[in-house]
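Chain IDs A, B and C follow the sequence of writing; residue 1 opens each chain.
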Amino acid sequence: MAGAKTAAGNFFEDFRLGQELAHATPRTVGAGDAALYLALTGTRFALNSSDEFARASGLPCAPLDDLLAFHIIFGKTVPDISLNAVANLGYADCRFLAPVYPGDTLQAKSRVIGLRENANRQSGIVYVRSTGTNESGETVLDYVRWVMVRKRDEAAPAPAASVPTLARAVPAAALALPAGLALERYDFALAGSPFAWEDYAPGERIDHVDGVTIEEAEHMMATRLYQNTARVHFNQQAQAADRFGRRLVYGGHIMSLARAASFNGLANAVKIAAINGGRHLAPSFAGDTIYAWSEVLERWEIAGRRDLGALRLRTLATKDRRAGDFPDKDAQGKFDPAVVLELDYTVLLPRRG
Amino acid sequence: MAGAKTAAGNFFEDFRLGQELAHATPRTVGAGDAALYLALTGTRFALNSSDEFARASGLPCAPLDDLLAFHIIFGKTVPDISLNAVANLGYADCRFLAPVYPGDTLQAKSRVIGLRENANRQSGIVYVRSTGTNESGETVLDYVRWVMVRKRDEAAPAPAASVPTLARAVPAAALALPAGLALERYDFALAGSPFAWEDYAPGERIDHVDGVTIEEAEHMMATRLYQNTARVHFNQQAQAADRFGRRLVYGGHIMSLARAASFNGLANAVKIAAINGGRHLAPSFAGDTIYAWSEVLERWEIAGRRDLGALRLRTLATKDRRAGDFPDKDAQGKFDPAVVLELDYTVLLPRRG
Amino acid sequence: MAGAKTAAGNFFEDFRLGQELAHATPRTVGAGDAALYLALTGTRFALNSSDEFARASGLPCAPLDDLLAFHIIFGKTVPDISLNAVANLGYADCRFLAPVYPGDTLQAKSRVIGLRENANRQSGIVYVRSTGTNESGETVLDYVRWVMVRKRDEAAPAPAASVPTLARAVPAAALALPAGLALERYDFALAGSPFAWEDYAPGERIDHVDGVTIEEAEHMMATRLYQNTARVHFNQQAQAADRFGRRLVYGGHIMSLARAASFNGLANAVKIAAINGGRHLAPSFAGDTIYAWSEVLERWEIAGRRDLGALRLRTLATKDRRAGDFPDKDAQGKFDPAVVLELDYTVLLPRRG
């Protein structure tokens, strides 16, 4: 239906292994984005909230929230990678490198690192490594995602299957620290919690308690703020004919709500250093109330640093179900049906010194 | 009911031909407005999205979206011009002059250029030329609108009818280019489309494909961002007694949604230079899904410029109806009932050189 | 249910007379907050809207809205003071001191100035004086609030009752004027009303006319913008089991809507200097339409100033009921059931000179 001038997105057979895609819509971020992100998620981490706190931590000013940067870079990839997606299957090996500061201009590119047609020949899985850069050419983040993409023509030949090998987690030695970051003078009271890196132990589970109900206006504003154009989020008339009958909430908004909720229990996890893996287990809709809980998977020292350390966390978000009893997967690996997100990521916290 | 301190707005018999009205509420615009506009409309034009892209185009930084500036200036005129309006009938001869940059302070004035009482003597049509200026006194935009305004007193005498003659379109020679704008080094890939001015031909029609459903919170936030106080947008209790029973969406929000949708097919139309005419054909409400399509009316060279050219476009927005078959008016001039907006405007695009 | 790492808030028996609480989450405010506040409330006061108007008034640039600053400071106190509140009972003796400018970083502390257990021993009233400061250590505002807080354990011993004596109003001599503020060259037309301080008389009542209907997305975004974490505003699943069955609108959002509405009749009340007292008389919910009216209580000269004066106002907000007949309390002191807010505060207006 769309004419020749209109972008129809790529279909599975359009992708080639090793293909480089330069994504459109460079974006200068700033105080407006930070305020909107705060109003849409309720985040409270001190490093992103206060220029003074950031300066006391060795940074020039408060960087933008790590997930805000992630969503903006992700959004740029949508028109080229996932406009014809059936499902967004996962993320891995995401490293947060140069922090994003107000005034930075972000752009994104992707490289196809894997392709595998599905047995039904109607679609295939595309693996891309996407990279966000700032106006100085520094990489701000880099991640792999895989997505199931429709074929335009079932009869189209598919490339030989090639599936990348992905590490289970970004190792401690590969984590990047923001230039200048120094947490020797970290003010725990001001940040909102007395608990330092040393106080968390692998296996520990934390209920983040507070639930938040999502409205249509909120998730659409968030998704537009990221210039993410995936149609399932915006068009109720089209979605009414879909199997869910509803607009789907961008999965990244759930990530942000879970991260914001995690302040209650992890207030000093002031910086996301890596996302090791992430899966959206079920869709969320306006009206759903989102809760979250976290498990500490690993506790890592950072070589040469006494001021901070890393925790590898696993945060699960649920909908319409409190998380106080830590809903999870069962022995067969089947998730509690209320779980909508499983996110494996690595955060930096101050050490008590 | 309102006391003496409260502004009741002007009625038809309060206007005089040649009358000058200085509008209230000067407004400094900035990064917060740009971010909110983006989150409320999903706009993606590179010149407004990226300071770096704007600098590569010869501008000091990314200007605010042209329609954002239009809506803010329009909003200032509402308390004096259209608080007692029955209907906003049309726009014409709108030129975008000095770009609006973050930090600029906008104010507005209007001059009454036409008056015509309706035959029923209950109301009349007021024609005004409204002008927005920045803190340096430069005109940022200038336009004519006409609006049907109630009379306070049907018996009040009306001035002799005087209807201004309005050009059908701002001619190419009258278009203003932003100081410094130079598109020789335009990056088509980064902007999101390979299509240059030369690639569009008069008569060409483009379906912008994507529909977006409006929420009450969204249109009210947009309208308040413009400090537009027209009551029909905000008060559900009062509107429940109105013929529609609903809050009306500010027509300018539909203009913005149509312009944002037009990115898909017109991504390089980076600057609105003029609005030649505009009509709201039916009201929109929360829950409506808005689609848009465009027709290229004319293609103009700009004297002395090889880097850019102008297209005169006609964009129609529909509600709850896809635009792939270009819903329009019939041979009798009667519009498809799904059409809510017809906007005739002129945009600047890079030439391939 | 919450684990040891999670903040459960203080209960009545946790407070001690004279106790000092340093609140978490320092916050740098800026253009994004101002734009969002405008979009959420529709405020139009010229001093906050225009850098140029502010400069002509002797200030370096437009300060943030006084109530925006109040809500941000208030929000910081919630996790320590009112997470286990049954009801927020009142405010008093709030003085606005140093103006808040974009780039300022705010933090807050509180001192317990009164405690009184309720007769049922299930809860008690906590009186705190909360203080907001900027990054230079200047106090930006200072106020008393009292709140009914649950006991964790009914059997816990309570401190001896101690109730502070609070002035009925901040006296004129105690009002702080922003450094530099000079209204000799005040532009009444640009500000939106010809009425100066001299034009208002004690006893005068003003209907602010315009009603605005609240949406869930709006009040939640506003409350999150203030990093106010009170659970009753966000979690529909939990609220469904509450006596109202609905999310409650943060009372401060009603204060902001009433203040924004008061522009129509009080456009030149450009600065709130004090809040003498405030009470939320009934909860508001999404879907409610809020109206407001004001009574002039007192008119005060400011010593040594011919350019400005103060008015002590009493503004009442109603829901789903127009305010043209000034709904108030009856002879027995019982309020009209539509009244949701009574706010006694002091504003600065230009004098005609």
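In this text, a residue touches a chain if its C-beta (ideal position, glycine included) is under 8 Å from a C-beta of that chain, and two chains touch if they have at least 3 such contacts.
Predicted model only: the values in this text are computed from it and were never measured.
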For copies chain A and chain B, the superposing rotation on Cα atoms, rounded to the nearest 5 degrees, equals 120
Across the interface between the identical copies chain A and chain C, with over half of residue numbers shared counting as same and under half as different, the residues used are different
Expressed in whole Å, how far the mean CA point of chain A lies from that of chain C is 36
Multi-chain touching residues of chain C, meaning two or more other chains, are 30-33, 35-36, 215-218, 221
Contacts from chain C onto chain A in the complex sit at residues 1-3, 5-7, 22, 24-28, 30-33, 35-36, 79, 102-103, 105, 107, 135, 215-218, 220-222, 224-225, 227, 229, 231, 234-238, 247
The chain B residues in contact with chain A across the complex are 30-36, 38-42, 44, 46, 49-53, 61-62, 189-193, 195, 199-200, 204-213, 215-218, 221, 264-267, 287, 289, 320, 322, 324
